[in-house]
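The following blocks contain the structures, represented as structure tokens.
After this come two complexes, each holding chain A, first together with chain B and then together with chain C.
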Partner chain A sequence: MSVNNVAIQETPMTQIDFEKVKKKQRTISFFKGMLFLLPSIILFSVFLFYPLVRTIYLSFFLTNAAGETTVFIGWQNYVNLFTSPIFLQSIKSTFLFVLYTVPITIIISLFLAMIANEKLKGIGFFRTVYSSTMGISVAAASVFWLYLFHPSIGLLNMVLKAIGADGIGWLTDPNWALFAVSITTIWMNLGFTFLILLGGLQSIDSYLYESADIDGAGYFYKVRRITIPMLSPTLFFVVTVTIINAFQTFGQIDILTQGGPVNSTNLVVYSIYREAFMNYKFGSASAQAVLLFIIILIMTFLQFKFGERKVHYQ
Partner chain B sequence: MKKLFAILMLGLVLFIAACSQEGDTEDPEKDGATESGETETDTEDSAGDSEATGEKQNVTFWHSMGGAGQEALNAIVDSYNSSQDAVQVNAEYQGTYDEALTKFNSVAGTDSAPTMIQTFEIGTMSMINSGSIVPIQELIDADGYDMSGLEENIVNYYSLDGKFYSMPFNSSTPVMYYNKDAFEAAGLDPEAPPETFEEVEEASKAIVKSNPEMKGFALQAYGWLYEQLLANQGALLLNNDNGRTDTPTEIGWTEEEGKSIFEWVKHMVDDETFANYGTNGDNMMAGFLAGDVSMFLQSSASSRDVIDNAPFEVGIAFLPHPEAKDRAGVVIGGASLWMIDDKSEEEQKAAWDFMKYLQTPEIQAQWHVGTGYFAINPAAYDEQLVIDAHKEMPQLQVTVDQLQATKSSYATQGALMDMIPEGRKIMETALETVYNGGEVDDAYNTAVDQFNTAIEQANAARGE
Partner chain C sequence: MGQIDLINISKSYDKQKSVLDEINLSIEEGEFFVLVGPSGSGKSTLLRMIAGLEDITSGTLKINDKVVNHMPPKDRNLSMVFQNYALYPHLSVEQNILFGLNAKKIDKQEQQKRLTETAATMGLTELLKRKPRELSGGQRQRVALARSVVSEAPLCLMDEPLSNLDAKLRAHMRIEIRRLQKRLGLTMVYVTHDQVEAMTMGDRIMVLNDGKIQQVGKPITLYNEPANLFVASFIGTPKMNLGKAVLNEEQGQLLIEDMLNLKVNPNVDDIPRNENVTIGIRAEHIFPGTDENTTHHLEVVNVEQLGNETSIAFDIGSELWTAKWPGQWDITVGDVVPVKIDMDNLCFFHSDTGDLIKSAKAGKKQEVVLI
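Up next is the complex of A and B:
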């Protein structure tokens, strides 16, 4: 009896112990995990989470020139933005800018990557040339284009005049300015997208092409059925990154047009900069930043939802 | 391997902790240093100097002079440093006025703040409101310094209720640059430049007629020039006497005054005699030097640059005004020097000494000739250096004459308000709309609405 009793009493005891140990181990491994994550948690909190929370907080206030909050105004900053023709124009310009730059950048760099992927003598030289814009800073590239666009001594207008056409006010005509900034941006982004796409192309197994050759497939058939599907993860990455970059464009605007003429190139990030550091309206600038964050978040979400379906992972 | 990681991690954590601690303990240390007479900071910054000369007071001077201005300023700072043993001024270029002001706002009240900073004229109100400056009047009173020797118009701009908040330094006004050779070719008198809006229109037509490759006139879409063209008609930018008697609540100009500038430009755009360089002043200057346009408005601070670089003879004339209005004169543009709060008395005294040095006739003469800014101390015009330069470049004289011909009024004293940078951008956009064929009424009314909204918002943000 007593032995049985002991046995009965002991079983739940060991079970409890087992649970306890398991729990203890779990907490230990949790803390260990946290310890490993700590550096990035600290860095992210300092440089991302805190500024994000602070921005949202500021967007509900009016501020003085030093950025200290003065009056709480609730949603008024957001209401002002949606009724401000300047901000609506800047949203429109931003979307137009994304539309001008992203597809063209990717098509041109895909084309360049495909011809640079051929195994020819001296191809290394061309690969270097095609990716060279990656090594040029935004500021240097913008200044370079600033001179090309120059109304009186710029190369582009000199060429136009030489063939008998009228010079174009590249950066002063509101119909051309956004286009001119887009050309600059496409040129600047080519190097990076080219390099990533070339990397993607090189990692496609050659046996796929060999089998296709045996089956007698033509060049364009191979591009459509092998290259593009196999490249889709890289393409997806490149599209996502280029879109986010386009939304965050700042340097070339600051140097080329300062948001002008007639606010036609006043993209959202530049508008935030102006509002915060020229007009000292940190509240309104924060509200714009929050809206930009939401827009990019939605765009990226949509891309993952719809774009990723077409992506073929090996 | 795991241990190594753990150690690394621990090291990182400690490092971060140490960093934040360092930030905490920094303040008392430095405070102590400033109280105990500056020896510590001295040895840090100029070990060589302090050994030789004992204690040398450091002054950090933030400025926004690029290009030719920077060279001229550095020369002055060097001559000051070598002229005496007590003070070492370290001039630091901090980007444009806007950029420098932004940087200053983020360090104001900390030890990283400079001893003195150069801020543009429209930053005057935000500097006073910032609460991190010492009104220069306190030092003037303590020192018994006489400010009456300075140029009257400059004194008018920078004194508020008879009190100086900052020390005037580099001042300029807008002038009209014109190509004398082109005037001659078009049969115009190069010695009698157009004075009114109407005459500018006529001259532009004549220029284009004689040389279809050259446009007549260019006006950079620049809010400052718009303000000057208003002031030249005797119009106020903001109500309540340009914000000098009370906080402004709306714009100060009348529809006739404001629109006259837009209509003037519109006429020339329609005549196709207007060259559009947008907001880019450098392009406009390059276009003028390349012979693409015969007249343009710009700050007199560029005059030395333009005269030196033009392959033709450059004329400088007064700012034009509408025929219907008398010329009222121009507002002082440029910048002044601000003394920053929370610095030791020795440091402020040293900076004050440097400010006084900048006002001396010799230095002002050097500055005027080297850049085209005015001498804020009129005694400088009697210096041989200036007399010689004016003989060689009579154009420099015009800029001085224009300022001295200015009638003192609230309009030409200039506006004071912290939203002026925003207002400028609004006027620039409106001007650009007209340059690109927009209607004057639409552009003007939109701009006025936005301008008034900006004033309202700025007043609301101050919690008043």
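Up next is the complex of A and C:
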């Protein structure tokens, strides 16, 4: 009897203990996890989350030159933007800029990556050359192109003159300026895109190509049926990153054109910079920044929604 | 047709030591030919040279009496199955199988006809719409085979196709591949490092080591009359028991590993006297001794009960010998058991060169008795 009693009493006791101990363990492990996340949380909060919230807050106010809020004006900053021809021009230029730079960058670097992926003697040299623009800062690259574009002593116009054509005001002609900045940007982005695509190409199993060789597939058939589909995750990544980068272009504009001539290269980020630090209209600048954030968010969302369907993950 | 001739084929990378050295070989039509050797022996390289995926450094490769050294893989009219199957992960089973036919621009109706036939024979009809990652190892293997069958090439090359499968499935696929080859009359060149696969599947086997041919022949010939010590120890499980031995003529005795004495028939003539040789004996030729015929008593160092047979290990000098006795024997480690070792079952090899002097006389006869 007494043995039985002890057993019956103890069973529920241990069950309750189990639950408690488990709960305690879960709490401890949660705090441990949080502890590991703490450095990132602090860094992100200080440099990302707080500025984001602050920007949204500022976009509903008028500010003084020091950036302090003066009058709450609700959506007025946004309304002003959508009626401002300069801002609309800026949005249009930005989209054009993305359209000029992204496809061409990717096509050229894909081509370079494919020729640099062949097994040839001295291929390391070409790989280094093709990826070298990654190691050049925006400022250095812009200055370098500034000289190439120079109307009288620039190499491009000298070549044009040598073949008997008229010189082009690359950075001073409103019809050419955006195009010139695009060329610079394409050149600068090539290195990074090339490197990522080359990495993607090299991770494709060589057995697939050998098998296709035995099956009698030609070069372009292999490119179409093996290379492009197997590279699609890398391509998708590169497209997404290049688009985001293009929307955020600033350095080369600042050095090459300062948004001119006639605002033709006044891309959104440069426009934000001008509004905030030249015109001291932090409210309007914040509203632009928020709009840019939303545009990039939508673009990336659309890409994941529609582009990812064509991506073959292994 | 379907006949491959290799004449003095060599391969070296960057003019360094050669990977393959003067390979001469002829593979007949409709033959299941197995290339076997340890890893790094050059067997895969040889196969890839036949396929046209590797350059031939020197020598002549003929397929159907035509020199094909310079031809790209697609003009050699062959198919190949790779070790990791090389299935296209982004294509469905159907697209995978039809990949080659599409590339060769074969008529759509013909494609569909071949697809349905092949899928039916390989048991893939239900799986045609799936992607490779949704298949099991055995199913992927079958897709790889189907891709090779659908090309209707008379020559099929296989590079360790079963090494990614588990043991049970491997045994099953061995039989399936063999049947498929016989039914379609394919000439098959099959590379493996697994001597069991080689023994069970091949019409003929070529043993390759360090880029040199060790022996070419029927599986049973390789087993009974290994051309050298390498083949002797490579073919057969457990491997042939080897030991150093000296034939002492005056005493009429063969002394193995300074431990086992064997009476020698005085008229064995072809074995060098008073000289170091290496002898080999198969595990199944170390018989349990009876009262009349026991020649030695040996101490057991390990026993493996396999159910249908018992594997017993002995220390013989510096070597570990294994005996396989049919049936179940109640022996424990440390027992001293009587065994019978017969002179007729010994293979003799030169100790220096490793070449065979004399193979076991009683090999075949005894085996029939045993089974």
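Methods note: the second predicted complex is superposed on the first by the 296 of 314 C-alpha atoms of A that agree within 3 Å, B and C clash if a C-alpha of one lies under 4 Å from a C-alpha of the other, contacts with A are read in each partner's own complex, and residues count from 1 in each chain.
Going forward, a contact is a pair of C-beta atoms (placed from the backbone, for glycine too) under 8 Å apart; a residue touches a chain by one contact, two chains touch by 3 or more.
Here the structure is a predicted model, which means the values were calculated and not measured.
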| item | value |
| --- | --- |
| Fit-or-clash call for chain B and chain C when the two complexes are aligned on chain A | fit |
| Contacts of A:Pro229 with chain B and chain C, given as first, second, both or neither | second |
| Partner chain(s) touched by A:Tyr221 [first = chain B, second = chain C, both, neither] | second |
| Touching partner for A:Glu118 - first (chain B), second (chain C), both, neither | neither |
| Chain C versus chain B, contacts on chain A by residue | B |
| Partner chain(s) touched by A:Asp166 [first = chain B, second = chain C, both, neither] | neither |
| Touched partner set for A:Asp205, first chain B, second chain C, both or neither | second |
| Shortest span in Å between Cα atoms of chain B and of chain C, once chain A is used as the common reference | 35 |
| For the chain A and chain C complex, residues of the former touching the latter | 205, 207-208, 210-218, 221, 225-226, 229-230, 232, 312, 314 |
| Complex contacts: residues of chain A adjacent to chain B | 35-36, 38-39, 42, 62-67, 70-71, 73, 86, 150-153, 169, 171-174, 257-258, 260-263, 274, 277-281, 283 |
| Contact footprint of chain A on chain B as seen in their complex | 5-6, 9, 12-13, 16, 98-99, 102, 105-106, 108, 126, 129-130, 221, 276-280, 283, 286-287, 290, 292, 418-419, 421-422, 425, 428-429, 432-433, 435-436, 438, 450, 454, 457, 460-463 |
| Residues on chain C engaged by chain A in the complex (per definition of touch) | 51-53, 72-74, 78-80, 82, 84, 86, 88-91, 99-100, 103-104, 133, 147, 151 |
